[in-house]
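In this document, chain identifiers A, B, C and D correspond to the written order of the chains, with residue numbering beginning at 1 in each.
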Amino acid sequence: MEPVRPLPQYLAQRYHGWYATTFAENRSWYRRLADEGQRPRAMVVSCCDSRVHVTSIFGAEQGEFFIHRNIANLVPPYEPDGDRHGTSAAVEYAVSYLRVAHIIVLGHSRCGGVQGCYDMCSGKAPELDEKTSFIGRWMDILRPGFERLPEGDEATRKLALEHEAIRVSLENLMTFPFIRDAVKDDRLSLHGLYNDIAEGGLWTLEPRTDEFVPV
Amino acid sequence: MEPVRPLPQYLAQRYHGWYATTFAENRSWYRRLADEGQRPRAMVVSCCDSRVHVTSIFGAEQGEFFIHRNIANLVPPYEPDGDRHGTSAAVEYAVSYLRVAHIIVLGHSRCGGVQGCYDMCSGKAPELDEKTSFIGRWMDILRPGFERLPEGDEATRKLALEHEAIRVSLENLMTFPFIRDAVKDDRLSLHGLYNDIAEGGLWTLEPRTDEFVPV
Amino acid sequence: MEPVRPLPQYLAQRYHGWYATTFAENRSWYRRLADEGQRPRAMVVSCCDSRVHVTSIFGAEQGEFFIHRNIANLVPPYEPDGDRHGTSAAVEYAVSYLRVAHIIVLGHSRCGGVQGCYDMCSGKAPELDEKTSFIGRWMDILRPGFERLPEGDEATRKLALEHEAIRVSLENLMTFPFIRDAVKDDRLSLHGLYNDIAEGGLWTLEPRTDEFVPV
Amino acid sequence: MEPVRPLPQYLAQRYHGWYATTFAENRSWYRRLADEGQRPRAMVVSCCDSRVHVTSIFGAEQGEFFIHRNIANLVPPYEPDGDRHGTSAAVEYAVSYLRVAHIIVLGHSRCGGVQGCYDMCSGKAPELDEKTSFIGRWMDILRPGFERLPEGDEATRKLALEHEAIRVSLENLMTFPFIRDAVKDDRLSLHGLYNDIAEGGLWTLEPRTDEFVPV
């Protein structure tokens, strides 16, 4: 079989439905967005997980959010070493070119990436420790979060690590000079959010207490 | 000001609206998705651009698509060098853990990242050539696409480069051993799509001709 | 002639077309559905009528809906008397084993079964009153709906009886203990829909007013 | 919460897409079908299982097939005892009123109902033996099929029982006088089909050998 194939028919049908309804209703706005360029108010960094629907939760319309999604919504620290850094490129584009007013890091419950990090750091997933594991090397970003976990039972520690994935990313964002400058000039603010996918809960990181409180 | 601040009120309000309607309607299904884990049928690699709405175009519901979004929907080649590769980690998770049946690379018109690559490769954006430019280093992935552009006017060449961003990503996907194996075993197929955001058009890469045709 | 014969050729041809296209496109997903079992989000109870296409209306893909179809989309009341109750078995399987999140009762216009019930209850179809009439005995389920029809002309009363077929089924569903429990625990919700096959209209039962309103 | 609720929004959206495309394309035909009544060529008895898509496999258009779906595609024997027999009512309506030319019993692999029958008859599912088990009492229809299973390993016997679900239904169909008459007059033929959902295979019961052969 060819590796590359045409779009499966069921998705083609859904597209035609979208075109005849949502697109038809919004044609003039979409044209303006195309002609004048995007002007998103916020960047969202969220997880690839199929159960996290930032556009649904925030009723997001086309043009509103610049969205980067990766495993476990992680931002690495600033490392201008000439290598490929997809997340850093996305952050740079959002802040330096699009001049978004907010960066929202959105974590979530039952995160497979965080689970992998927990297992790896606990010595229970040696395959993730290997140099060739892309997931393992990516989740290394969260190791500092694992190391400062409080004692406790496993469920508590895993939830704490999901929270740490958000805190570590926010800390790493502040290592980028262009972000520090934008924050200092009050052109940009950062936000940490946690979504409980089973209960639909949304929690925001309260900077004074460094705790997550319900929105 | 604190760099980290609570969620802006307008987003909190939208969330409360979502919770009272969409979440309330689907509570039991979302709980099952949380308890039993996700089982997405496809992975989508699309751009962070706020005007590209894969979930809207495909009427995607929670649980259906594993979505990675980065600048210009690029996939780098396989490089298991122990460095951080967020896109490769997402692809590895989708194929090796979630065993998705499809990977869809979704490109789009008026892509700022592709424009940057075009300018950089044409010598018109020296700042992107610098080692410290995350965007420039990320867009290096697309250089092989630029080099094989046909002669022609600028508009034609830019459209061709947007198409190349999809082809290059599909080629790079095939450099990952676990993807080659899954394709060979007929467990996975790859798909290239192009969305014209002004006209709402959707084009699929036809493997026999290597051209994009309307869906 | 043998009563049992091989598949007519025109259907064999259609199957071969499906196998070469739809199945080939979705082979890996269908295999996963087979290996891992179904996890449908909703059960649909609809009529056998060839003009009611629930999979088409909802763009349903393999794996999405557990579909029971009988004459006039009726659900009988809970009667655990040891007799054969095919509809009750389907409901039990959907709720207790598959744990669907929704049961949708989908009625429709020009329903032959409802027409038969109307004629029978009006004394115009004595053959349906006979003990040996399977259709008549099945449509007895809808008698309570006929008895509460408002006065009016025949067309209005027949439409009202089609609506009653949906209401009676929803009421009967709530006589099943396992459904009452699932509804009480917020694991299950019930939905009444009416499809006008000539005009393509879809109406949903609004619980506060007990009236059907356009979707 | 109210047990009955309006249609979930994601299904409303899909409906609107269908209305704007499929319905719009076929409006005049759907109106004729509504005005002149259905005239289906065949009745299909298939399983409720979400993975069995008779309309997809046969490219079925609105108006073509009168479809009854129940657990394990079973037809009970003729029992005109005045009780409610939903399947018998559907068969009666198809043959006596709609005068279909074919009845197709479509079974499938990995059938949960057949599995339940196998377990029950093997003494491994005492809960299905209880009088109050709707599934158990429904699957009693297949007991004669279990009793004539050949010796062999479990996988072979389960596949054989899935085949028996089709044979038993065809045999039971022939106990209905109006079916015997229609078959004798060559107005009706019966067909047994088996669908392997993992491999997309379709098998037809060959009456001379009483074996299933690929279509």
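By our rule, contacts are C-beta pairs under 8 Å (C-beta built on N, C-alpha and C of every residue); 3 or more make two chains touch, one makes a residue touch a chain.
From a predicted model like this one, the values you see are computed outputs, not experimental measurements.
Counting C-beta pairs in contact, the pair that comes out ahead of the other among B-C and A-C is B-C. Comparing the contact residues of chain B and chain D by number shows a mostly separate set, under half of all numbers used being common to the two copies. Chain A and chain D have Cα centroids separated by 46 Å. Taking each chain's centre as the average of its CA atoms, chain A and chain C sit 42 Å apart. Within chain B, the positions touching two or more other chains are listed as 22, 25-27, 31, 59, 102, 186, 189. Of all the residues in chain D, the ones that touch chain C in their complex are 1-8, 11-12, 14-19, 22-23, 27, 30-31, 33-35, 37-38, 40, 42-43, 48-51, 53, 55-59, 62-71, 74, 76, 80-94, 97, 102, 104, 109-110, 112-113, 131-135, 137-141, 170, 174, 183, 186, 189-193, 197-200, 202, 204-208, 215.
Partner chain C is touched in their complex by these residues of chain B: 25-29, 31-32, 36, 39, 41, 59, 99, 101-102, 186-189. The residues of chain D lying in touch with chain B in their complex are 5, 8-10, 13-14, 17.
Contact residues on chain B toward chain D in their complex (touch as defined above): 21-22, 25-26, 59, 61.
Residues 13-14, 16-18, 20-21, 24 of chain A are the ones that touch chain D when the two sit in their complex.
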